[in-house]
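Both complexes below contain subunit A, partnered by subunit B and then by subunit C.
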Partner chain A sequence: MGSLFRSEEMTLCQLFLQSEAAYACVSELGELGLVQFRDLNPDVNAFQRKFVNEVRRCDEMERKLRYLEKEIKKDEIPMLDTGENPEAPQPREMIDLEATFEKLENELREVNQNAEALKRNFLELTELKHILRKTQVFFDEADYGLYYPYSSQMADPSREEEQVTLLGEEGLRAGGQPMKLGFVAGVILRERIPAFERMLWRACRGNVFLRQAEIETPLEDPSNGDEVFKSVFIIFFQGDQLKTRVKKICEGFRATLYPCPEAPADRREMAMGVMTRIEDLNTVLGQTQDHRHRVLVAAAKNIKNWFVKVRKIKAIYHTLNNFNLDVTQKCLIAECWVPVQDLETIQLALRRGTERSGSSVPPILNRMDTFEDPPTYNRTNKFTSAFQVLIDAYGVATYREVNPAPYTIITFPFLFAVMFGDVGHGMIIFLFGLWMVLKEKPLAAKKSTNEIWNIFFGGRYVILLMGAFSMYTGLIYNDMFSKSLNIFGSYWYVDYNVSTIHGNGNLQLDPKSMYVNHPYPFGMDPIWQLADNKIIFLNAYKMKISIIFGVAHMLFGVSLSLWNNQYFQRKTNIYTEFIPQVIFMCFLFMWMCILMFIKWIKYSAHNEDIEVTPYCAPSILITFINMCLFKKGTPLPKCPEWMFPGQGGLQQLFLIIALLCIPWMLLAKPLLIIRGQRKQHMPLTNSSNHHAPGTEPENTDLESQTVALPHKEEEDNNIGEIMIHQGIHTIEYVLGSVSHTASYLRLWALSLAHAQLSEVLWKMVLGNAMKMQGWAGGIAVWIIFAFWAVLTIGILVLMEGLSAFLHTLRLHWVEFQSKFYSGLGYTFQPFSFEVILESAAQNDE
Partner chain B sequence: MVLCCKGQGWSMGASAVPVIIFTILWGVVGIVLPFVVPKGPNRGILQVILILTASTCWLFWLCCYMAQMNPLIGPKLSNGTVMMIAEQWGNKIPDLVKP
Partner chain C sequence: MKVCGPTLSLCGLILSAWGVVQLVLMGVFYYIKSVALFEDIGMEEKLDDPAEFYSKAETLYTQSAFNCWIAACIYVLLLIFSAHQFYVNSQSSHSHA
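Presenting the complex of A and B:
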């Protein structure tokens, strides 16, 4: 048998590796991807394994790399992905890598810290600048404004004496001390100002005065880089108590206070100083950013490479953790599943690994015998893998059972096409599939993260075949965007005269006189698309082909079980299960198909004998139901009861034999097993009852007696289980064959729905536009074509396509595979760097 | 060419030419080509593909052909369609008076 017909033959192997060579050998095996290692230390904690330190170091390296990657992405530097696949470095190179990463990380952290400190400084200076600018306004207002006596003292020391003397007694009388206003100036987040004001008012009982002005440009918060809006404020108060209170409130609201000189001259000086400092800081900041950028660009060149290397090292050490260390501590032992065909390749890889590590002792690969079930490995290429995935989604094949995938390559697109059946829509799907297949390499290199696109791209060969078969079935159904192609000319013609035509709104063409008596050579005659009773004719046709193809598919499935029985040496199954199954299916459902063929051949309008004209054509369904119920049909007058003489008797015979198959399926196998078990125990019971003349010593009698009893209990249980199992199997098959045959009618239902939707879309959308005349009609067609195209693609291609895909999948999984498939295996998951790197890359996204 | 078995009162309304053509076509695809498939790792798969394609496509064509051989009903057309068919598809109505 070829490679895909059954899963590969696997063998359990023991691998003995010298400790020095182990790393290199595992690296070679990882590149190869053909070996599945078993964990020989399942009860050992992850922290107690041998190579836990190395794994930890790899984790550290990965963390550093991820930090670097984050910083690179933040600066939007493109990371070079050459697509090359570097080999896993030697263990001694790991230290070099670690040092490099450490250095890079430290440098980057230092640069970031410096940048943050500089930015904080920058922020303070900017706020100070704003304060100095804004408070100028406040002080000016205060000068010429309401608080005349207070401000004059602050604003103009030279005038101080004058004012005081002017005020003189009032001022002195009021407080007895010179009234000196203090103030604090600062910056606060704009959102906090209302609450801040209220708090100040309440806490200081209205004895403080707040002025604030917004800063127009947003400022950058150094820690997280957010841009926030802030406002400058200045608070005037009198006395020390209010001062402390105000300062506490400012602290609470996280307003930053700045020392602001009173005199305008001082303020101007300070402002200039601040500007120069801001400029200097800008330069330094710029240089820091440049340095960071240079470091990141240098790192970005290699970072993908490093990721690959570190992940490979980690994978190797994880695998090495699964090995057992033997007693002498010099050699590592591994157990692995290996495809028998690839033993040579693996030996070569192991030899390469030993040479690379410079070890002298060659590795040993021993085959082991085991009763365990090996994993299922199907060697697929890019074409067959999509179909294998469809099968595996339902259940992975049991080890070495027949694989349904190679047949699915054709039956899946074909059954899809029977349900889809439109040349135009099929062409759209075919072209889409063709584009994806021809542009395979560039599209795959893009590594898109869009789930839906990945699903479509992964199934490109399935889509290509589905489109191709849909075009074929569309040609046979003669349906292209709900219109028929008239290649050969219709084989129906009109033979009415004018008065009949004018007198009747509808006329039916008579198959006797207006039909050429042999059919349209390829597909459905185009006249049916114009007919009002098209659906009646097509229904009869499509229902019949659904049953015919359904029975064929199921019989194919049952025959595959024959191969399974032969391979697994279950000869009894062939006689107790396979043969009654085939007889049951054939005598009932294939008989129905034969009746359909007979009806197609026998009844014709051109016949002279009324018994074989369409008047007497019986309904196959009624015939079948009457057959199963042992009922007599009620034929029309002048019509015979049966299609051919002897049909009644033949049908009864078929039905009785088919019904006899049921107990055959139910009882034959358990009875054989019971008989086989009884035969085994006959010698034991005989020797205990009739003492064999001197041949058996006494103790064996006792042994055999004690041994026989528990066996019997097991047997009873086994018999019960076998009967139940067989009963379930029989009921499943018998009821299933009826229900599955009817289930195939979905082929008819979906193709009918598709054709009707297509027709509605044409008649109601595009047809209306085409009826318009002249220039207006042209523009209308142009606009309405867009609607029609969108609806066609959205509803008919995508929605109907997905629907037909799903139904075809169900037909394969349930109706076809239940006849022979057990699907109880587990997939072969080899240790492969490719798989590990791909899944890691996906996790990153 | 029309095959008729009038002796038994059956009439099989089939023409030999399309049957022969399509049977030979799919026969070549399904029976002859599998022998010619190049030897390689995919030989088995290609043979299965060819055989299944040929058998399903031939059966599908055959069912459609046989369903139309002896139609039990004829198409029901509106009288406008009838006039159009008579004019466009070549068999003019005998007593239609042309203006």
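Presenting the complex of A and C:
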């Protein structure tokens, strides 16, 4: 192991694969997921590569599978996901797969086409059925009114006045016999009726008569399966000219016209015929559906499996496209990054691949030397990965740099908890985290697409730890939904008599006489919950605690930089940066922390000597500011100036040394570099003089090599740049340590805000219900508790939790990591089927 | 009979479980006259006589304790109802699948 502290050691390898064995070998490596291939033909575009045909075939297969999947989803057939992971099939199996998919797709398309045609037929017949049924009513009316207008006039002159005047009189006059009227019947979308009617009226100048009736049941559109409402209409008119005009309009409105016999007997016969045909069609349609269902069910059983296979084949060919062909075309050359630890495993996988392909020539794996920076590979498990993600979100560690993730596992939940200290809220988070951790497997199998849920689930171990630590700090602060737990009994007692209590509004408990003189066993004494000066007391405590944690955290960060310097053999950095940095931090800020401890230990109410009673206890902040300004303290009367003799001198010394560290950090490294460069220049000029004329070509060769090395170039940087860089670095550190120390006060600020918010919520919401007198109070408590619970979750746990989380993240990224972490690396992205399949599955959804 | 959806019944389940635990405990704390809850019993008037003060405080504490327990009982009912709804929902979703 050990790889949690630093990224894995990587090496660039050259891999020679025999053409026949290449596929099987790459397939094995894909299962392993430990090799990152480099693209050796970056200039060749995707269509000119060797295996472009195979990739294309895979794309085609994928398209067919997606089509199948879409159809399966449409029919709501459950797809069997056994979670099994079939190996990448042999290249020759690809043809079988292709044939299967081709057959399935064709079958499905045919079935769909047939079904659509049948449905269209069915729709037509249904419409015809409706027409025959609805128009019957019209014809019944027409028997008197329209078909024989003359008699209609006699029968009922008041009705259908328009038609009567229009046709009756003139018709009589023209021919003296009843007019023969034509008609068309059809079906139209219901919403088009008003426009259709108006159009007919205008285009035919009112010479046509339209009757319509709605079809109550919605009809299914065969092309897209939507349900549409339609109406039956029948149009009566006179003459061929009008007929063509009417037909044109019907066409324009996409109305379907159906032949409708004129004689009632014909109509009846036709209706009978239509009914039988509809019944026949129904059986055929049912059979078609059954067939389609059978095909899809059979496909659904295998589809996940097929997807995996096809995606694996595609990934393999895609990788093979990155390889170089050697001159003989007999073997493929690949370059890849490999973790040194796994070389054996990779060799084994390659051997398996060769055996599977039946090739006799073993593949060759050669380690190569390179000046390129290898990728950063941190091996993680499900517990550490969430923390690694938090770190990587800021910047991926430079190769082999100290990885802050293992320390973050403890410091992250802890600093979060300092801001979120509450047993109740901590328990909610803890239980939520615990549930996710315990139900890990079923929850992971669900593969939710909800982004927020995935974030929570991915960070389940972080949440679990944050909850546990919050419960701990909550016990220290003695806060549970803003109420204190009196577990051990308060160590304070009231010694006032009744008359004193009656006479005064606010009384202070004197620690000298009303305190048992040893602290509450664990955390805050519960009596503080009722005290008026609770906030003042807690502020002093939490501020000091925050600064102490902050200085410890930053010093830890600085000491990690020592480890980095040692590892990378940057000895000068230790003398020119690390040591002055530590001195600066210790002599200023750690000194302030030490003063806090001295104050805590030295001053007590029980002391007889006034110089060590709380009366004389100095303010640490004022002392520290005075120290930085070279000022003397202004003690109260009868108090000493310093906490201990010699403190003034010691502080001045500390400050001067700390200030001297600034030029040390600023100048030492550039000066050393300049001196080093001067020394280098001397022997170089000497050696060129010593060269014999015969060795000239070699020399140029050497020079061309040095140009190729990026490291050499860096050293030639001019002095100005180095000075500027060092200046920025120094200013950043010096100003940073001041501002970062102050920045840790956010621990106090957020903790105060959280405690106050939860207290206000209790008082304003739940407290009101509790105060209610009488038995109705029970109901009030019941209702208001629900309200309070929702607000607790929403505001205190979610929103406050998120804010505390972000502040913790900042403390880690900025205050902690700036001390040692450069984060300039890039991630190791191995060729792995697991990753490829996962990302493909996510794209699907 | 199905009244609530799966999410609502789950929320009811969690809320009422939490309510039962917290309110029963709070009732106990009121009953033993926890000083930490003194601010929440609605003692407004200033009483000069200590005996009177104590008796008043005691009735208020007991009252609050019973109020908490009443609320807890209602939450037990809600818990049973939500659990039943949850069960019904899980059954129907199973039969669908």
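The rule we apply is simple: the second predicted complex is superposed on the first by the 775 of 845 C-alpha atoms of A that agree within 3 Å, B and C clash if a C-alpha of one lies under 4 Å from a C-alpha of the other, contacts with A are read in each partner's own complex, and residues count from 1 in each chain.
Following the convention adopted for this analysis, a residue touches a chain if its C-beta (ideal position, glycine included) is under 8 Å from a C-beta of that chain, and two chains touch if they have at least 3 such contacts.
For clarity, every value in this text was computed on a predicted model and none was experimentally measured.
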Regarding the shared-chain residue A:530, is it in contact with subunit B (first), subunit C (second), both, or neither? both
Check the residue A:78 against both partner chains and state whether it touches subunit B (first), subunit C (second), both, or neither. second
May I ask you to decide whether A:511 touches subunit B, subunit C, both, or neither, giving the answer as first, second, both or neither? first
Subunit B versus subunit C as contact partner of A:498, first or second or both or neither: both
Subunit B versus subunit C as contact partner of A:286, first or second or both or neither: neither
First (subunit B), second (subunit C), both or neither touched by A:786: second
Compare subunit B and subunit C by how many residues of subunit A each one touches, and report the one with more. B
Set intersection of subunit A contacts, subunit C complex versus subunit B complex: 498, 502, 530
Complex interface listing, subunit A residues touching subunit C: 78, 483-486, 498, 502, 526, 529-530, 763, 766-767, 770-775, 777-782, 785-786, 789-790
In the complex, the residues of subunit A that touch subunit B are 1-5, 381, 384, 406-407, 409-411, 414, 418, 472-473, 476-477, 489-490, 492-499, 501-502, 504-511, 514-515, 517-525, 527-528, 530-534, 536-537, 540-541, 544-545, 548-549, 552, 597, 600-609, 611-612, 614, 617
Touch list for subunit C against partner subunit A, complex: 15, 18-19, 22-23, 34-42, 48, 50, 60, 63-64, 66-71, 74-75, 97
In the complex with subunit A, residue positions of subunit B that touch it: 2, 9-15, 17-18, 21-22, 41-45, 48-49, 52-53, 56-57, 59-61, 63-79, 81-83, 85-86, 89-91, 93-97
